[in-house]
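After this come two complexes, each holding chain A, first together with chain B and then together with chain C.
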Partner chain A sequence: MGLIVKTTARATIPLIGIFGAYVVSHGHLTPGGGFQGGATIAGAGILFLIAFGLGEMKRRYNHHLYSALEGLGGLVFLGAAMLGLGVAFFYNTLWHSGPVFNGQPGTLLSAGYLPVMNLVVGLKVFAGLVSAMVAIAAFRRWKE
Partner chain B sequence: MMAPEFFYAAIIVMIGAFLALLRVFFGPSVPDRVVGVDTLNTLIVAGMVLLGAAYDRTIYIDIAIVYALLSYVGTLAIAKYLQGGLE
Partner chain C sequence: MSFIAVFIWSFLLWLVLTGGSKGLLWSPEELIAGLIFSGVIALTTKDIIGEKASRFLNPAKWVGFVIYAIGPLFWGMVRANLDVAYRVITGKIKPGIVRVPVELENDTQYTILSNSITLTPGTLTVDACPEEKALYVHWINVTEKEPESSKVIAGSFEKWARRLGR
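Our next item is the complex of A and B:
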């Protein structure tokens, strides 16, 4: 699109990304969490695609990297769920007797595996939404 | 601590949003409806901030910020479609 939209996007995309990262990392303290923050960061990707066009997006987008990141998000979520498998599946052993994430409730480094799960769900949602959006934007059958 | 002034201000903003909604319903052309939706987005952000102040919860402002950022992206997507699509 035009010059104004491109310049505004250059200023706005880091803002949306940082705010999405804030929503993801404070998922156990404030409204939001993995899905909402991931969708917000994917909104930055949509803004990049709209403002700079599909050609620039294809140059920056690596399908294998995003596919691997989405798989990694799901696997780390399952790994965090299996940390306390000695007691039960999804047992929050990081909170009860873990070395990290066992701070005072209400602080950032608390709530056991919840921040880890929020981070990986945010990564998975971001990678999945951006991959789906690029795949839809690259679909050009009507222009034969 | 509920402050009634913020509720009155939110009601005034809601009346303005209803007027913008009339433009969305009865707009004769598509850009009229797009401008109506854009106005509605801004008024909804104002309403969210006012209600966050009325209920005395600062974390409600986060949702208003996210809505303001994403409504900009949505309006931009419609504008890009109306001017001829991607590239």
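Our next item is the complex of A and C:
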């Protein structure tokens, strides 16, 4: 892309990232949540891919790292769901008797495992969408 | 240095988004979460924002941006909107793409000037070519086919862009 798009992308990619982090981390308080925020952050990655091109993206993008992050997101989600296994699967034990995330409803550190799950779903969605877009962009040629 | 620039840039947006979590101010947990998330964002995007981005941490520059936004830019937009409304009613247009030579040094200055020209109706930046030091501008009413400077199209915007992006 041209110079104007590149310079604007330099300034806006951190802003898109922090807005996505806001949507993810306030999933239990405001509209949005893991998927919406993760897709927003993935939008920053796709903006980078389109503005700076595939060559630059290939230098920054590490397939193994993104693959590991996506797996980690799924595993932590499962781990949070297992926390209250003494009562039931998905039992919100952090909220009922947990050491953290049991604050006044409406504050950031409330709602038990929901913030944790939102964060890891956001991470998983971000890593998955960016990997999918890079894979599509790196597809070898139009005709096989 | 670019780490600090991204960190402050993203932390400012976080403060704007989460303002009002404790009365009109910020609750401590929101501030700590903001520090963590801004740190992560800054670590991941510090190579993207550019190594000279920290020059925008200068408060004198922020004052300059505010003065530019509510002074020359706003006034230019009002005038250009009225001009375009006049052209819509009367239909007196003479469209064309002209090459405007400019005296700018870096990408930020080109971006500020191009965006200002695009924001004022009637003119639209098509392309910025730093290697030939020129902008290509689509103009609704071409009065000079080969302008000597950006004065006829952008007024004082080039001077401001040179100062703000330095």
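Criterion: the second predicted complex is superposed on the first by the 142 of 144 C-alpha atoms of A that agree within 3 Å, B and C clash if a C-alpha of one lies under 4 Å from a C-alpha of the other, contacts with A are read in each partner's own complex, and residues count from 1 in each chain.
Keep this in mind: a residue touches a chain if its C-beta (ideal position, glycine included) is under 8 Å from a C-beta of that chain, and two chains touch if they have at least 3 such contacts.
Quantities reported herein were computed from a predicted structural model and do not represent experimental measurements.
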item	value
First, second, both or neither for A:P31, with chain B first and chain C second	first
Touched partner set for A:A21, first chain B, second chain C, both or neither	second
Contacts of A:Y66 with chain B and chain C, given as first, second, both or neither	neither
Partner chain in contact with A:Y113 - chain B first, chain C second, else both or neither	neither
Touching partner for A:F101 - first (chain B), second (chain C), both, neither	neither
Partner chain(s) touched by A:F126 [first = chain B, second = chain C, both, neither]	neither
Touching partner for A:F48 - first (chain B), second (chain C), both, neither	second
Touching partner for A:R10 - first (chain B), second (chain C), both, neither	second
Chain A positions touched by chain B in one structure and by chain C in the second	15, 19
Sites on chain C touched by chain A in the complex	6, 9-11, 13-14, 17-18, 21, 27, 29-30, 33, 37-38, 40-42, 44-45, 47-50, 53, 107-108, 110-111, 114-115, 125, 127-128, 130
Residue numbers on chain A that touch chain C, as the complex places them	2-4, 6-11, 13-15, 17-19, 21-22, 25-26, 48, 60, 103, 107-109
Residue ranges of chain A in contact with chain B within the complex	1, 5, 12, 15-16, 19, 23, 30-32, 36, 40, 43, 46-47, 49-51, 53-55, 137
Chain A-touching residues of chain B, taken from the complex the two chains share	59-60, 62-63, 65-66, 69-70, 72-73, 76-77, 80, 83, 86-87
